[in-house]
Amino acid sequence: MKRNDGRKVDELRPMEAKTGVVKRADGSAMFKIGDTIAMASVYGPRELHPKFLQNPEKGLLRCNYNMMTFSGSGDRVRPAPSRRSREISLVTQNALLPVLNMEAYPNSVIDVFVELVQTDAGTRCAGICAAAMALADAGIPMTDIVSAVSVGYLKNTLLVDINAVEDCDLHATDIAVACLPRSGEFSLLQIDGDVNQKQLVEALEKAKGACKKIYAVQQKALKEKYKK
Amino acid sequence: MKEHIKKLLDNDLREDGRKLLEYRKNIKVEYGISPKSAEGSAQVTIGDTVVVAGVKFGVGTPFPDTPDEGVMIVGAELIPFSSPDFESGPPSIVAIELSRVVDRAIRESGCLDTKKLCIKKGEVVWTVFVDMYPLNDDGNLFDAMSLAAIAAMKDAKFPDYDKKTGKVNYTKRTKTGLPLKGTPLECTVIKIKDKLLLDPSVEEWKALDARLTVGFLDNGNICAMQKGGEKSLSVKEISKMVEIAGEQVKKLRKVL
Amino acid sequence: MSNLKVKEKDIVVPGEVLANGMDFLPSQGTFRDGDDIVANMIGLTFIDGRVLKVIPLNAKYIPRPGDMVIGKVTEMSFSSWFLDIGCANRAMLSVRETQEFIESGVDLSRYYRFGDYIVAKIIKVTRGNIDLTMKEQGLRRLGVGKLININTSKVPRIIGKQGSMISMIKEKTNCRIVVGKNGLVWLQGEPADERVAAEAITMINEDAHKDGLTERIEEFINKKCKGGKDEKK
């Protein structure tokens, strides 16, 4: 099967990654996959305001996913947070938490801001990739770097890294995952569509392989900053 | 440290070694940073300050008092992504002032021919949204955003409009750019004690007593102005600041 | 069988496996996961016999008792000041921990005002509470000077072996310099010298992981200081 952009079924779109892109942040990263460009900045651990949110037992990871108003493929995106962006913020948070030890930061917060500059499907996954890199760039202890990708079924063919055209196809099933490269476990899993159990397991294995390739890009970019 | 900035200024010195009226050297405008999503976009770099602006088109009904004119809306958001000083939540008063000051220069210059944005008089007109974000705030967001907004507008191309369905086809872009007649640009001069400075850093901005943002037309006339800060300015000072800003704007216009 | 996967001074990222097997021991910046020793932060590997360490390339300040830090007064109560020392929790300086005798009920801003920078020492850290003291030599309110933020992981490099680096910078630039463990550096001197010293410190901050640092910094200062004087003539 030929994909609309000429890729093989298990081929990822071209990727680019860079860290240290926001000088004033404690850590930051840009992750580009195809035409989707995500940027993330990290501040903290810092004092948590308002004070009533403070927890003496553990710190808070606070993620905020936002699409810039001009980053959508159609109409202008409204600037206020939508239900969609709030949900993505939440799943981003949960995708990252397994690699962090928040108990080390009582009463504090680690803020992660994800901004989408341009979108062409897979924005939450690109956001998670950028966020994980930004956390590592900030020097925050982590047990792993999180990589994310969306795979899916289009007319029963398993495709890796769904683009916008494929995503818009009515018959497509979209499976967004985040994977911890070392353990191979998943910290994000969202499915829109129709799959059976066998297909799901097959898709997860494929996604795991794709995440390995993404991880290599993330790892290289993190080190690149210190080479020169 | 505010006191340190003031102490240096007594000797006409600045923290980063620049002269009082010296702009940072590496000013850069990149076009089309979001070419697939935005109909126009640009990124402006001044030193370590980076801002982006994007243009989106929409269609809507005109205002009743201007039935044959399209609408332009300029907005800025100070996202906490770009600085530890910015907070989450609805636009702060700082962001609102920033949007309105950038908007004013573009609007009042009359550089955008809003009559050419009319699709059907009294019924359908184009709406042009210009949205700006800092990616890294290292000072002087006013000038950076003024540059970014006009650069993104220059970069913009209309999407296809289907007269039958009344819908915009964003996947098809025309070759027509915005009907722009000029490039209004703003430059900000700040005053700390009795000294005037260009292109302030974040720390200098925090220490300012007064500031004046001046918008200029291509012919050098003034099209917008905003005085900020807690202290007052004399006619002599205002005149001097306008002169300084006017000279700098000529240089800034060259990077577009 | 045990197997080392990295060389000395390799740049590693969180999650990177440094070695397999039980012959190696995890230390700072690493942890054991089953058979593997894994890096948990971005940094440079340091191999000390069987012990594996990762020296962070970037890290937020973690307060520890005995650290000399620079903080900014951000809050006051009737018996203490609260200082921002660049970490998640504010540090407390009680009136009892100052060098002078302060009567109770006195307006504390008569001693230290909001926005003042103070160099103090951490005496106790308990679950987010940080207590400071000023009852030691050299601890004081800092006058008007330049402040720069550096990475806390670079503080040892800026100080150098037995203070060699910082002494060299102080001597050559004629600046007074205080380096807080928390990554704040305060400088005071002639404006031109101050800038050279600041640039040198920023250079160390950015290039600390590269070889030949001391020589490069010395060369830089020599060139700049000379150049500066020539300009004045």
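Before moving on, here are some points about what is shown:
Letters A, B and C mark the chains in the order given here, with residues in each chain numbered from 1 onward.
Everything below uses one rule, namely that a residue touches a chain if its C-beta (ideal position, glycine included) is under 8 Å from a C-beta of that chain, and two chains touch if they have at least 3 such contacts.
Being a predicted model, the structure only gives us computed values, none of them experimental.
Taken as a graph of touching chains, this assembly is fully connected, with contact between every pair of chains. Contact tally for A-B versus B-C: the pair with more C-beta pairs in contact is A-B. Separating the CA-averaged centres of subunit A and subunit B is a span of 31 Å. Averaging Cα coordinates per chain places subunit B and subunit C 38 Å apart.
Residue positions 46 of subunit A are each in touch with at least two other chains.
Across the complex, subunit C meets subunit B through its residues 115, 117, 144-147, 191, 195.
Across the complex, subunit A meets subunit B through its residues 21-25, 35, 37, 39, 41, 43, 46, 64, 66, 68-76, 79-80, 111, 113, 115, 117-120. Those residues of subunit B whose C-beta lies close enough to touch subunit A in the complex are 33-39, 41, 48, 52, 54-56, 58, 75, 77, 79-84, 88, 90-91, 129, 131, 133, 135-138, 168, 170-171. Chain contact summary for the complex, subunit A toward subunit C: residues 26-27, 44-48, 56, 59, 99, 105-109, 136-145, 180-182, 218-219, 222-223, 226-227.
Of all residues in subunit C, those touching subunit A in their complex are 11, 13-17, 29, 31, 33, 38, 40-43, 56-60, 87-90, 127-128, 151, 153, 209.
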